[in-house]
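Quick heads-up: structures coming right below.
Two complexes follow with chain A in common, the first pairing it with chain B and the second with chain C.
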Partner chain A sequence: MIAEYGLIFLILSMLLSAFQFLLPLYQSLVYPNGAKKITISVERNSELIFYTTLVSYCCLVYCFVVSDFSLQITSQNSNSQLPLLYKITGVWGNHEGSILLWLLVMTFFGFLFSKHNFKNSFLKTNTLIVHALLCFLISSFIFFTSNPFERIFPPSIEGKDLNPLLQDPGLAIHPPILYIGYVGCSVVYSLAIAFLFSKDSSKEFIKILKPWVFLSWSFLTLGIGLGSWWAYYELGWGGFWFWDPVENASLLPWLTSTALLHTIIVSERKKKLLSWSISLSIITFCLSLLGTFLVRSGVLTSVHAFANDPSRGVYILCLLVFISGAGGILLYKNLHKYSDQNNVHLLSREGAISLNNIFMLTITGTVLLGTIYPLFTDAFFEKKISVGAPFFNATISPLVIPMVLGMILGPLMKWGRDDLKQIFFRLRPVIFINFLLMLLVWYFTYRGPVVAVIFIALAIWLATSSLFEIYQLVLINLKKKKSFNIPLKTVSQALAHFGIAILIIGATGTSILKKENIQFQEVGEVISTSGYEVKFMGVSKEIGTNYKSDFAKFELYKNGVLVSVLNPEKRIYNFGKQVTTEAAIFSTLLGDIYISIGDNNSGLWTTRIWFNPYTIWIWLGVLFMFIGGLISLKRSFKELK
Partner chain B sequence: MRLYLVGLIFCVITILTFIIGLQKDPKKIPSNLINTSVPDFKLDHIGNGIENFNRTDLLEIDDVKIVNVFASWCPPCKIEHSQISKLSEKHFIFGINQKDKKNDLLNWLNKLGNPYQAIGSDTKGRASINWGVYGIPETFILDKHSKIRYKHVGPIMQRDLEEIKSIIRVLENED
Partner chain C sequence: MKINQILILFLFFNFTNVMSIEPDEILEDVQLEQRAREISSVLRCMVCQNENIDNSNAGIAKDLRILIREELIAGKTNSQIINFVHNKYGDYVLFKPPLKFYTFFLWISPFVIFFFLFLLFFRKKKID
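Entry: the complex of A and B
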């Protein structure tokens, strides 16, 4: 019965959101002069949409928790033996449930926005109307093509189990966080569309837009970071980024929203680049929808693709065409109003930001092209090709170099117009420190690949210049001898840039400097790699709650001293008999020892032992960026009040 | 204006791509190399006699040949080894040894026997890329003119043996 309640509330939510955008539409058609208006409180209605979706979602969670296998979704994706945590996370471990979660987050954002206090009621109402339209499109998608409350007859006695790869705490939080990021873009989109309809001043619009951009950017960053972390330790492939189409799809909106949060700052301070800000707001959401389309329609295979159904693909494609088409036409009609008359000078803060945005969008275009190109050749030339890491590494790393240079110099330039001599004068201490650091980098890595040396040097330069910014602020404050007051704006920016710097170091280490050993290893045999000795102690059989496992034991020595015992596993799950490899990782700041085991071959085991330098810095970098984003978020909310 | 037009054309092509893409099954991956001549490669030879194993070695033999990509660290390769040995009784079999250590390989061959006419050592996996190999073991059947005519992905099991033999028979009867 509970499942039927869930469906009823889903339909209610769909009708309420339809009501919210149809009523104003009807009124504006019938009473163009605005007379005789029945007013509904869109704020209230947005709350209701959220509550009904929440109830519907809770019903689905309930069905998973009590293991109601008369539902199609639970019988396919859950099991009575599953630990409670994975019963709950199993709700979004499948197509239907995860789209319902998407809707829940989306309506929650509508709810949040309705609570967002600002004076411009016209903009607020219109934003909520556009947002309700988006909610309606998603809820009707769920209702018509992917109903999670579908019953099966006869009901199953036992469920088929959740995909073992998804039975992991990392996956429990990765999708909701990523969805907050993706769906946050929907508010940004709605705001931009509502603004294009209005004749308001841009100043207030940018102020209202800002916190939402920071919110979605921060969570997008964290979500992508968590996904990459999960792939690193769970998939056992020894890397952190595989240029999988779905990873690319999540990277695309991240890149454009990164560009967006930079143009917003320029638009706010200098009233320039407004047309950029509006276009990027719209493009970002369209790209997150494109990502959803690529994952859910079955046009390509990927770790993320669930069982596919072409009718869903067609629906999402229509959705994508409609939403980006509407945005595109509105942009085309109105954008000329916001184009700048005054030029941006290259040697200035806004110049550096614009230049970096151009690089950022070039990367976006390259990733987009690389992701879609295999589909294109297949569709038009019947030719299967795959575009993978070699293409992306070759095309994107050269673009990263000038971008990092921009990140180093940009924050130290003045707004408006700067002078090369003055920049040099201001930067003398940093340049000197960097020169010394470069010598150190060269000394330690002079035998390594040149690319790695370049990237590490650049990253260190970026890190020092970010720290230098904070140092300068502290210095100014010390001179004033008044109350200590460091502008949060600079801190958040420096933190995020510092995060990028250490992320580059981590990524360079893990992808270019890693050492890989694959071999047959006998029990007792020692493999030496990068100053560590890895001794294989054998494999035992263990039984987990819903799986059996080959539980290996490795002793890790450094200079003859035991530093750690590592237990990589190979699990076979009871239902579905799927095999997963659980890598064991020993992390230090200088690098990870990463071990995974393969098959047994008459007493010999295939073992893979990696040494991945600086990997942990990737996640640290993501964390720094996230914190930087949160600080900006808090600040921009405060500014509004 | 022109910028919008370029954008529009890009969008239309993308949408068309998606519409056509939706009607296809992404899981089917054919080999691009079927009916093409052997790709160019040159590898150090493992074992006695000749120094290297390369494309011309295959071209010189005007009979049906089998090229098997394998490694000692790959358990499915061990599973298919007895089938490979059976095939080697009547046919030419060449090996491309992927990302292996020489000693591991020699031990492996000592233990299981060496069915190969020649083995090229592809330590970096470059030659495997030229052959379009994406997972080992993979086995190619070449006709008398050294064109690739058939590709088998995964270990050759007992049940695959008949099919492979019949393909070889057809190729042997060609000119």
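Entry: the complex of A and C
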């Protein structure tokens, strides 16, 4: 019965969304001056849409928790033996549930936006109307093509298992976080569309837009970081980024929203680049949808492709064409209004930002094209090709180098117009420090490949220049006001750039400098790698809640002192008999010891031991960016008041 | 439906097993082994979702890994071996698509996009 309530509330939510954009449409057609009446109802209605979706979602969670296997979705993706946590997270471990979560987050954003207090009621109302239209499109998609409350007859006695790869705390929180990022872009999109309809001043629009961009950007960053962390420890290859279509799909909106938040800063300060800000707002949400389309439709196979149902693909494709088409036409019709604002000199702060945005969009375009190009050659030339990591590494890495240079020089340039000599003069201390640091890098990594040296040197330069920025400001403030107050704007920017710097170090170390030891290892045998001794202590059989495992024990010594005991596992899940490997990782700032076990070959175990230099810096970098984003978020909300 | 199920089976099969290069495949000669890794990182496992032959535990990938090492010992160069595999299996096996007329646009796309955007954006200034 609960499932039926869920369905009823889903339909209610769909109707309420439809009501919210149809009523104003009707009113504006019949009474052109009836705007005020709608305002109240639109805000109330946004709340209602959220509450009904929440109830519907809770019904689905309930069905998972009590293991109601008369539902298609639970019988396929849950199991009575599953720990409670994974019963709950199993809700979004499948296509239908994850789209319902998407809708829930989306309506929550509508709710949040309706609570967002600012004076411009026209912009607010219109944004909520556009947003309701988006909610309607998604909820009708759920209702017509992927109803999570579908019953099966006869009901199953026991459910199939949740994909064991998803039975993991890292992956449990990854989708909701990522969705906050993805779906946050829907508010940004709605705002941009509403603004194109209005005749308001750009200044207010940018101020309202800003917190939402920072919000979705921060969570996109964190979500992608979590996904990458999960891939690192769960897939057992010691890699963190595989250029899988789904990873690419999440990277695309991240890149454009990164470009967006930079143009917003310029738009706010110099009243320039407004057309960029609007275009990027629209493009970012379209790319999040495109990612969903690519993944859900099954045109690109991937681990995340839960279901390959063509009708769903067609529906999302239509949705995508409608949303991007409408945005595109509106943009095209209105863009000429702002075209005079794009006069930017290359040698200035905004010039550096713009140039970096162009690099960022080039990367976006290349990744997008690389991801869908195999479909294109297959359709038009009947040629099957593969575009994978080697292609992306070869095309993207050269683009990263000038971008990092831009990140180093940009923040130290002046707004408006700068002079090359003066830039050099201001940069002298940084250049000197960096010369020394580069010598150090060269000294310590000279055995590594040239690429590694280049990237690490650049990253260190970026890190020092970010710190230098903060240092300079502290100095100025100490002299002038005798206080330690540093503008938060600079702090968040420097933090995010510093995050990128250490992320580059981590990525370079992990992908280029790693050391591997693969061997048949006897019990008691010691393998030495990078200053550590790894002693294999044997494998025992353990029984978990819903799996059996080969539980290995390794002792990790450094200079003869025991530093850690590591337990990599190989699990066989009771249902479906799927095998997963759980790597064991010992992290230090200098690198990770990463162990996974393979098969038993008559007493000898295949063990794979990696030393991954600086890997933890990747996640630290992501964390720094996230914190930087949150600081900006808080500040931009404050500014509004 | 059947094909889908088989695909899904492959999917789990591949993703649930660790990097499948086995200790007995690894060459004694460190430099040759390094080159073998370079070669296998650009070759796609033909029956997997999106894995190179180093990470795949499919039989065909293992055969290729062994073949690469045999050819290396026989003194072939990296590009000779990659060409050999390419000729045998077609474009699909290469993760870095070869430059042909139908991949031309893919390869020049970063330049095209960059210069297009650059002109679109900084062209304004010259008129002023």
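The rule we apply is simple: the second predicted complex is superposed on the first by the 623 of 641 C-alpha atoms of A that agree within 3 Å, B and C clash if a C-alpha of one lies under 4 Å from a C-alpha of the other, contacts with A are read in each partner's own complex, and residues count from 1 in each chain.
What we mean here is this: contacts are C-beta pairs under 8 Å (C-beta built on N, C-alpha and C of every residue); 3 or more make two chains touch, one makes a residue touch a chain.
Only a predicted model underlies this, so the values are computations on that prediction, with no experimental measurement involved.
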So, after the overlay on chain A, do chain B and chain C clash or fit? They clash
Once the structures are superposed on A, label A:Lys384 by its partner contacts, choosing first (chain B), second (chain C), both or neither. both
Query raised in the report: Of the partners chain B and chain C, which touch A:Tyr332 in the superposed model: first, second, both, neither?
Result: first
### Task
For A:Ser354, decide between first (touching chain B), second (touching chain C), both and neither.
second
- Which of the two partners, first being chain B and second being chain C, lies in contact with A:Gly370: first, second, both, or neither? second
Q: Tell me which partner A:Leu317 touches in the superposition: chain B (first), chain C (second), both or neither.
A: first
* Asked: If you stack the two complexes on chain A, which partner ends up touching A:Phe425: first (chain B), second (chain C), both, or neither?
  -> neither
Of the two partners chain B and chain C, more of chain A gets touched by chain C
Task: Please indicate which partner A:Tyr443 is in contact with in the superposed arrangement: first for chain B, second for chain C, both, or neither.
output: neither
| said: So in the superposed three-chain picture, is A:Phe293 touching just chain B, just chain C, both, or none of them (first/second/both/neither)? | reply: first
Could you look at A:Phe435 and tell me whether it touches chain B, chain C, both or neither (first, second, both, neither)?
neither
Both chain B and chain C touch chain A at residues 301, 380, 383-384, 518-520, 598, 606
Chain A contacts chain B in the complex at 293, 297-301, 310, 313-314, 317, 321, 324, 328, 332, 372, 375-376, 378-380, 383-384, 518-520, 598-601, 606
Touching chain A in the complex, chain B uses residues 4, 7-8, 11, 13-24, 26-27, 29-30, 32, 72-75, 78, 99, 101, 104
Within their complex, chain C touches chain A through residues 4, 7, 11-12, 15-19, 21-24, 26, 41-42, 44, 49-50, 52, 55, 90-97, 102-103, 105-106, 109-110, 113-114, 117-118, 121-122, 124-125, 128
Within the complex, chain C is touched by chain A residues 163-165, 235-238, 242, 244-245, 301-303, 308, 342-346, 354-355, 358-359, 361-362, 365-366, 369-370, 373, 377, 380-381, 383-391, 394-395, 399, 518-520, 578-581, 583, 596, 598, 606, 608
